[in-house]
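Presented below are the structures under discussion, each in the form of structure tokens.
Look for chain A in each of the two complexes below; its partner is chain B in the first and chain C in the second.
After this line comes the complex of A and B, so read on.
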């Protein structure tokens, strides 16, 4: 109690309260559901049973799903890393024309939910009916499709298209902040471009590449939508789609939920191994040479390649964003799926039906918007508090919090969904099943990592001396938090808000496991319509969702610009 | 500016809380229908095109009663009901799907209200052991649909599916998701044995998702043919899809039972719903959608190529439903082992 820290000297003050609250939030929302999963995977009716675990695990079906998860995630990660790093390098370190514009263009794929992308690519590249394949086959008179999207390659390619911005953003940031004097001195010392790239540039941006790649790996491994749309019919299952099918096959019996917990455990362990591996690689060297100061980095002259590369970038965006979006809107206008795009087959009838007559749409939009807002606000405040304890406070028991704070990063969405079913369906007194609240609880757990990351980054930039100065001038802990820390981390909080709100708006992986008839989210409504064979309706709704997302993003950009001024 | 931001955030928080609160509140209203009028909840696997008109007709006939319905695959609805039972309360008052064994199972478990509808005697009954637990409200038929751009000669026999023109192009919906798909697989297995599916697989047969999805895939040409439900197909044909349907002589008839859950607070409106559904007006809507009604006094448009109810039942493949109650998981498993090689 006598340590000279900013902590109050009373036994139980604001500091302890904050610490306890932070621990409580993480335990209730994240640790408890995960523990329940582990418990149910190994304990049957209260007694330890590893045989059952072994039985599920050695089932060829499970093993195959795990392998598929890993294959798809690896291919997606490698692909996204190459694509993301290449484009990041192009817009930061070369004299590509209009590169600022191009940089914002490369962030557009973020707006297109990958399962909507998958729906569009199914229509474009399904082997016998895809529009591109049909055109190709009739043009060259073959019966062999140009590209079959229902394959590992197809699934990974679609995921790459919509996930590469994770790497792109990280690498762009690192390349922009990198001190160019390092490269310059190497050049002066006589190193060639290759040597500089190999010995200086790559090691410097490697941590950013790796952290982007890790995000993609974890995301893709536990991702439901793309595999559900493109894989299931060809027998390509990954762990989340297998859990989904298991639960439906046996009408939601507890037995199937237990099988799910074993699968989820496998996913958690794999995620933990991947994170551990990444940290192992990164800890080999420290790369703190990236300075905060902004330099004008050296630009590579592309010369004759300038315009061709610009064209290539535009073609890439056109192919991965414009084309699928156009297909979604066109198919949404068809009278029924399978008709050619001619004027008499197209109308706005589906859109009218979706917007005015179909009750599920209203429910879904309302649910998604309110869930997104609530999750974002709650997680934003909880995140700033927890990060504050981890980054700034020196109290006993902080170690527990640091460990708990790591959890949200490594627990995949589908695992959280199963965990909240176990935790909140009445077995422990509170029953939220079949209500929106269970989805909210799951969203809070799922997006806590986003908020922790944004907020701790912001907090790390607030120097301790500011707080100390205010305390030594006689301000209370609460006063100094309110007047000093909160205003300084506000940008971090706001960015956490938006980092959560937009993904939550189009969430599918978690809500598909938790929805009840009246609590469909936008993602669930689109997916179930498609699964039930209302292809044109589901694409019309997807089109409406895209418009909503674009409006949301524009408002947000506008708003954040204002705030950051 | 700073203050403004904080105020805005606080307002946003409050607004979102209220919105979520309302959302939750809305659901609560649905499970507490005692106050302020009746709200009947119907879970059904019938598509919008069929259920919507019936619910509207019922509302007109019973002013003051509110009805909401949830349309989803039978597998999904049963999963939902199982979860609801675990949590102690079934949200739905009435269930109407095509997965007959589910109804036998629910009857065994004692969760269905026994109601002998006065309209029953006017209908054609496919269940020999009728006791009022559930009534057949439609006789769904499944047949082969083909994409008319790809297949010129309509198939007339199940064995036609083994011909080379169907190579890699015949699809069946996933029995884990679709009740009709599950029932028709059970029926075909009864008639022809698993050998039939092995042969279909050898000719490149595929498994799709829901019962409507295989039809859309056939219309688009991704599949050349599929096993499809009558009225969903007829709805898409009406909208101009390039598909046509035919029924082989070993007819697949899957009755769609309707039942009331025991303990529903809306017993009277639920009974009225069953009566209405079996009545002439609703059955005429059933027939108009291109599926077989349960009343002989309702005419079916000859363009649908459907038989009258009694004749259809006579020609259909017979099955003892009690037999298949507990074999669902086994049948689904065997079917996926044959048809769906998981990669």
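After this line comes the complex of A and C, so read on.
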């Protein structure tokens, strides 16, 4: 008989160290700033005061912003859900020509920053100076504009154009994965295609529609760019724009910080409720509708409507994507804003100027690229570690980390920015305010959710037995991690990197609250130049940003395809 | 006249011919199975009868109704065919209760509500589901879900019941039970069944007649016992039941098992048409070979490679020349031990040309 001694890990081991490190990262970057917001919202002079919270909340200006957020978010949600569901159905369940091509076209708005779109629509449809309105007024000899973009309807319409893919992608996925025999069995039961759509298909994909709609609701409530570009001029503020205005105009007075924290608290609570609702819908209404052997699903024959509907889709894409993009590039080429688009007035001079001479824009491009790279690399590695603890490790105290890991998903950008200001402006010994570091810290907090999602998904694919098999072959835990786990989660890490880098490149909501004169990002530079009346420079920079984004997206598609092969 | 008729039915997907010139007649109240490996065209045929696939050529008739005919530009959509269909993956609607699932086709037919209720309950009773009527189908087991699908197909009192591998998603003992339930329901309601499966025992147990298909071409249509006892060709023989093939060489008017220097005994008569081939196969079912004593003139000599007890039967692998033959005998029958020399007697030999 041989007696083996089993070494028992007791006390403080590597596992505990990793756990503590993970908890520390989430606490420092996410939890603490949020706690500071809650503290500042409810505590006045160091004592709890909910009455004052109520006073700030019911202040006419604050209350109006809350109402506006709700109105705009509701209209955007309803609009995007209808548009997204309709197009998803069209490209998955009908014989629309060039379906796959159309499907990829509908995903294009995903990568376009909505505030650049808003900028374009401002130039097209502002009541008196917009190109379309001007053309309309001179054509019909009227002084009434065709459509005023500076309204709730205008703002919501622009948000719908850029947000509907959230619903589109969810519904497409559900329709494609759905077992076709669920519909076929209804058909053989005697139901026609319309009845099947009404009674079977839509109820079965309803959870996906709802979850996409809630995502849009959340996004729109916390959305800064479109409202900032189109609303502020007419005094339409929503929660994030009012937080920005408060922090910006009063340079950090106590009263404005309080208003900001109260608004931020409302956002956090709303976000938490929405995310809770989404989880509930997904877990309860998540039908097992994925089938075994699959035949092609039934397609509705559009017959005479085939080509008209394709034309409609193309017109939609042309109107919502091509037209604004063309306007951006054209205005970016104008010598002076307001001139007609003729060859004498157009040149590449602006583009050359902002890329080679103008310090504001040169700095902005450098800042955005380096911030994006840094945030993506740091967040990618932190995300792998934290996801590993959450998904794979059996260690006491993991529950705290699981709770903290949920947090980044429900904290909107403007809340993070405000929290970061409270935490890192010297009150606690470190002052990063007015440096580029404070933006980096905020980006890490903002994009942690993306990294956690991509990495946990990859880690869940790696079955425990793979690691156990490696250990039983004689590899230590570190060797197994290095040789087995890391190679298998590499696709997740790479996709996390890109999921962070590209959005960071076009980020506005967070950096607008944290920038100093030399630390503008591309988004901030576009926005502030536009505010200062430098319309053509701002638009030219927007054009450059669009090109950068398209190149980045192409690279992603190229890389992720390679990785998955 | 037969009830269901497929006339010269052909289906092509691009360059691939999934079903080639199929002619088929099925009687009222008959249970007809289509059997074959995956990709043989059986499911495509069923889906053409259902109306989910259109025909490239040919006609589908039920009674005096023409359902599909590309030549005559006629096509009745599935919802107007009055068929019942059960799918492999159950396809019960998770957002409706069991009762609502079964009542759905009746509601579509605009029947009076009292009749809907009565017929739904009848169908639920026939499938032992009355107690689960108000439950969600997701709370049922696989067998329960498939009963819901059956009840839903029964409720409309269909002319034809189409079953597309309905038992493949169930575990084995449940499969056997459901098999007989389907048979009982058919006796009670009298509909015709077209049953698609790749499981031969299912087809044997249920059907009046079986069609064996390979690559879109019919190999044999016969009663279950005839398919087993008189397979039309090498493919049918190997597809139905357990089989073992041995290479045989024809040299100087004598047959040798490949690698063996002893000719086969005269008792194993080689058919005339094989004698023209240099190489052909001796096929047999493992249960139709027995051990005999070494002096038996009809015996073929070999050596046991391995022996395995499979409960009631004992499974042998025997080497003859460079070939291997499977033999199965009863647990109580005397048999040789491992590595012993032995002598085999082929009770029902089949002879097939060598595979290309």
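What we mean here is this: the second predicted complex is superposed on the first by the 514 of 565 C-alpha atoms of A that agree within 3 Å, B and C clash if a C-alpha of one lies under 4 Å from a C-alpha of the other, contacts with A are read in each partner's own complex, and residues count from 1 in each chain.
By definition in this document, a contact is a pair of C-beta atoms (placed from the backbone, for glycine too) under 8 Å apart; a residue touches a chain by one contact, two chains touch by 3 or more.
In this text, all values refer to a predicted model and were calculated from it rather than measured experimentally.
In the superposition on chain A, contact of A:528 is made with chain B only, not with chain C. By the touch criterion defined above, A:203 reaches chain C but does not reach chain B.
Of the two partner chains, chain C is the only one touched by A:185; chain B is not. Of the two partner chains, chain B is the only one touched by A:237; chain C is not.
Of the two partner chains placed around the shared chain by superposition, chain B is the only one that A:433 touches, whereas chain C remains out of contact. Of the two partner chains placed around the shared chain by superposition, chain B is the only one that A:134 touches, whereas chain C remains out of contact. Touch criterion not met for A:306: it reaches neither chain B nor chain C. For chain A, the partner touching the most residues, choosing from chain B and chain C, is B.
In the superposed pair of complexes, A:471 makes contact with neither chain B nor chain C. After overlaying the two complexes on the shared chain, residue contacts for A:392 are found with neither chain B nor chain C.
Within the complex formed with chain B, the residues of chain A that make contact are 60-61, 64-65, 68, 126-130, 134, 232-237, 245, 247-254, 335-339, 345, 358-359, 366-367, 369-371, 373-374, 376-377, 381, 425-426, 431, 433-437, 440, 487, 490, 494, 516-519, 528, 530-535, 563.
Within the complex formed with chain C, the chain A residues making contact are 179, 181-182, 184-192, 195, 199-200, 203-204, 287-289, 291-293, 295, 298. Note for the complex: chain B touches chain A at residues 2, 5, 9, 12-13, 15-17, 19-20, 22-24, 26-27, 30, 43, 47-48, 68, 70-73, 75-76, 78-84, 86-88, 91, 147, 169, 174, 176-177, 206-223, 232, 236, 239-243, 329, 332, 340-343. Remark: chain C residues 47, 50-52, 77-85, 87-89, 91-95, 104-105, 108-109, 138, 149, 152-153, 156, 162, 169 touch chain A in the complex.
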